[in-house]
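First chain written, first letter: the chains are A, B, C and D, and each begins at residue 1.
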Amino acid sequence: MTSVDLNADMGESFGPWVMGQDAALLEVITSANIACGFHASDPDVMAATMKLAVDNGTGIGAHPGFPDLQGFGRRRMQLSPASLRNLTAYQLGAAQAMAGMAGGKVRHLKLHGALANMCAEDKAMALAAYEGALSVDPEIIVMVLAATQQQAAVEELGCRWAGEIFADRAYNDDATLVDRSLPGAVIHDAELAAARMVRMVQAGAILTESGKHIPAAVDTICLHGDGKTALQIARAVRAALEGAGVTLEVFPGRTGGV
Amino acid sequence: MTSVDLNADMGESFGPWVMGQDAALLEVITSANIACGFHASDPDVMAATMKLAVDNGTGIGAHPGFPDLQGFGRRRMQLSPASLRNLTAYQLGAAQAMAGMAGGKVRHLKLHGALANMCAEDKAMALAAYEGALSVDPEIIVMVLAATQQQAAVEELGCRWAGEIFADRAYNDDATLVDRSLPGAVIHDAELAAARMVRMVQAGAILTESGKHIPAAVDTICLHGDGKTALQIARAVRAALEGAGVTLEVFPGRTGGV
Amino acid sequence: MTSVDLNADMGESFGPWVMGQDAALLEVITSANIACGFHASDPDVMAATMKLAVDNGTGIGAHPGFPDLQGFGRRRMQLSPASLRNLTAYQLGAAQAMAGMAGGKVRHLKLHGALANMCAEDKAMALAAYEGALSVDPEIIVMVLAATQQQAAVEELGCRWAGEIFADRAYNDDATLVDRSLPGAVIHDAELAAARMVRMVQAGAILTESGKHIPAAVDTICLHGDGKTALQIARAVRAALEGAGVTLEVFPGRTGGV
Amino acid sequence: MTSVDLNADMGESFGPWVMGQDAALLEVITSANIACGFHASDPDVMAATMKLAVDNGTGIGAHPGFPDLQGFGRRRMQLSPASLRNLTAYQLGAAQAMAGMAGGKVRHLKLHGALANMCAEDKAMALAAYEGALSVDPEIIVMVLAATQQQAAVEELGCRWAGEIFADRAYNDDATLVDRSLPGAVIHDAELAAARMVRMVQAGAILTESGKHIPAAVDTICLHGDGKTALQIARAVRAALEGAGVTLEVFPGRTGGV
């Protein structure tokens, strides 16, 4: 039977500042990518978020980012490979501790923001970041943007991984995302997004704007929780997948190529 | 045969700023208290320091502090018990990851600066901080300032612990440190410091200025590495202990009262 | 004719995290206390907030706090007098620049959070912080909590100042605030708060719970903008004062004792 | 009579961490570029550094950088033009306050590290950063790397500026610096550096490796203070210029093209 995971970022509050709708999202997703204090969150937010994830039986992921709270880790920074390795290891370690404190365990890792984007383009960067994580936990499942340099990196490393597609983004024929400045790049219609996800999950492939069918590791779908529309899309995707008989569960992790 | 551990803080550089003489200290000490990024250090400094400690076979400790780089964790801050618990857990987790990356393991925890001072006075604070650490690793050995509320806390928690005395500080009859503003409070003479340490280790007691003998958990001696004098004292203490037939080795950890 | 100023904190967002309802508050208040980047805000938030204040013709104040974003400047920190002086000067300078960029000018200064609370209790701390501000701008109007050590400090300094009372807090007979844990300490009823403010402004005095009448510098009323109730109280206070014929305008500043 | 300014970065300590040899450098230079708390320094370090500069009669410059203490502002970050404008304004304002507190005045501005390098390549970035500074102080003298996009920006803005050359770097024929990886790119010989500076100052031109003579705004020479060699070069440059009859004084600032 076909199954897929639904993931979303969470625990992105910081000090007195609240972000996101974590409680609502947790009713929809099966895996949570939890911020680790560099681009968002702090030890108190992490403790509360880990508890929430454990209480909901959600798969827990560390979600490391650049050390840039003001920029929310969305501003590109040029770091050495050693620094990438070390900051990923550090944040994963912190996440493991906070998960353990809540009675849970970090089972996956997903990079955040500009760090993720740069690693999707640059395999050397992805290798550095993932090596940092694997040196801390060789069994961790690395969540990658399917068909990017992130995937090339995990294939080269031979580690456990899971491929991710976006619920609300259109794809080019080379499996890259359609540029946000182009019409149709971002999907705002919940039913449309949901229908596309059902097709891609059932096909085990990325379906591009032109109709091309690119076999891909469709292990998890990236959902968002910011804003009303995002939550509507998240719920619609889940409902449509359930309606189509797809099992929603945490990804088991895979190794090797697609 | 009598044995004792020698500990010192290290890995207190940050970004481009170098602090301390870690390499020289590592030749003297048996346990290192390694900063975790809140009051000093960063993932790169931690990675390098952990490697240095592993290469020297030094016992590794996490050394969490207040989130205050500018103040080096020496400025008192009023945090809730939950925040104390969480920041200790977070920093310990980060230290575990960085130690693991270097092929080592965190075996003890020692609080830093104002956090340590406040916990030496306030058992509730010490309990909160130590509970954070123990929820991450129930087997960790908590290094406490002997005969303070830190020790009261570990006795209450029933966890593994080690008692610490200072090489360069004079003691009052209630086992507190002589106030720094008083003459003789800080010992600058390396031979004097060394001779005192031999006596206290052999006696298994704190010897006060007035000559009082307070049985204490003399498991480890706190040395410093900043400045020429500190390193001289550190070396003199080590040499004197070796000369007196005391074995220098990492503390095994104890449980229960003294 | 009687006049009074209405002030509120604003510009307390940080990076991607939004806080407060600044636009709505600006329709009510006459003076804004604008965060300076240490406990909240960043250069981008400051630029936007200064522009909003200038566009609304609101009196601009610098609102420095402790360097503690996670704690929102609400956690007490022990800093040296020199550090208090320097951090106040630094934040005021930054605020002056951002105000100037928006075509405005910083005319007052109000301390934030734990820094304000500690300075309300400790004249030496207040002196240090205010000296920092006055060394940058000797003409700045220091907003103080009426009848506290903050006021004692400005009287001693001989600088321009303005006294502040709270719209939503009950007072003890020594002009301190009733402890938050006691019933009636915080006023949640908008009409009640409004009526009290009219009486205090007209009396030029703090009116305590027991009915005592303490002559005070009632130059400005502190309003809040967080939550629906706070905005309701703010609007009710403004409406009641206008209904009672009180002019709402920025305080001119005073010197000397009450 | 020919004159030139000698500038160096200073005030780059942070909290407990000391960097540089500011006191020794101040005997050599005529203008100081003082860090503003984003890539280095804090309010306490700034206060002390400003005082030192005022006591030495040194021209004071604000030296803003990226918000990246760990990376010392040397890691490239992608910021929006608005953010560049705001962070420059903010840091300049803070510097003005700290200078004023010490009885001095900020007369110039020089960008730091990666921010400077990116602005030397990208005029739009330079324009954004300089506009931020000029909106705070239209009379400020912007120190630019001669013959780079920094210079193009100040010429376009029509503001006061001063051109800078390096004492210890070799130049290509297009006035860019010889890549550090090439032999001879960095000059370590104090006498050689000094002789080159005398020639360039007297020529009012950059002299390239191939012997080309590029007329340039040689208003100030950038010296370094880190390490023994740097200080030797600084002193040798000063001595050689004095020996050649060049007056060493703060640049007056210029407007328009070279």
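We take it that a contact is a pair of C-beta atoms (placed from the backbone, for glycine too) under 8 Å apart; a residue touches a chain by one contact, two chains touch by 3 or more.
Not measured: the values here are computed from a predicted model.
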Discussion item. Using the touch definition from the top, how many steps at minimum link chain A to chain C?
Written reply: 1
Discussion item. With contacts counted as defined, which of the two, A-D or A-B, has more C-beta pairs across the interface?
Written reply: A-B
Item to complete: Compare the contact pairs of A-C with those of each option in C-D, B-C or B-D, and report the one where over half match by residue number.
Response: B-D
Practice prompt. For the copies chain B and chain D, give the interface type as same if over half of its residue numbers appear on both sides, and as different if under half do.
Written response: same
Worksheet item: If you average the CA atoms of chain A and of chain D, how far apart do the two points sit, in angstrom?
Response: 43
Item to complete: Can you check how far apart chain A and chain B are, centre to centre, with Cα atoms defining each centre and the answer in Å?
Response: 40
Practice prompt. For chain A, write out the residues touching at least two other chains, lowest number first.
Written response: 44, 70-71
Practice prompt. Take each protein chain as a node, join two nodes whenever their chains touch, and name the resulting shape: line, ring, star, complete or other.
Written response: complete
Item to complete: Mind listing the chain B positions that touch chain D in their complex?
Response: 13-19, 40, 42, 44, 69-72, 74
Worksheet item: Which bits of chain C are touching chain D when the two form their complex?
Response: 37, 43-44, 46-47, 82-83, 85-87, 89-98, 100-101, 132, 135-136
Worksheet item: Which of the residues in chain C end up touching chain B in this complex?
Response: 67-68, 70-71, 75-79, 114
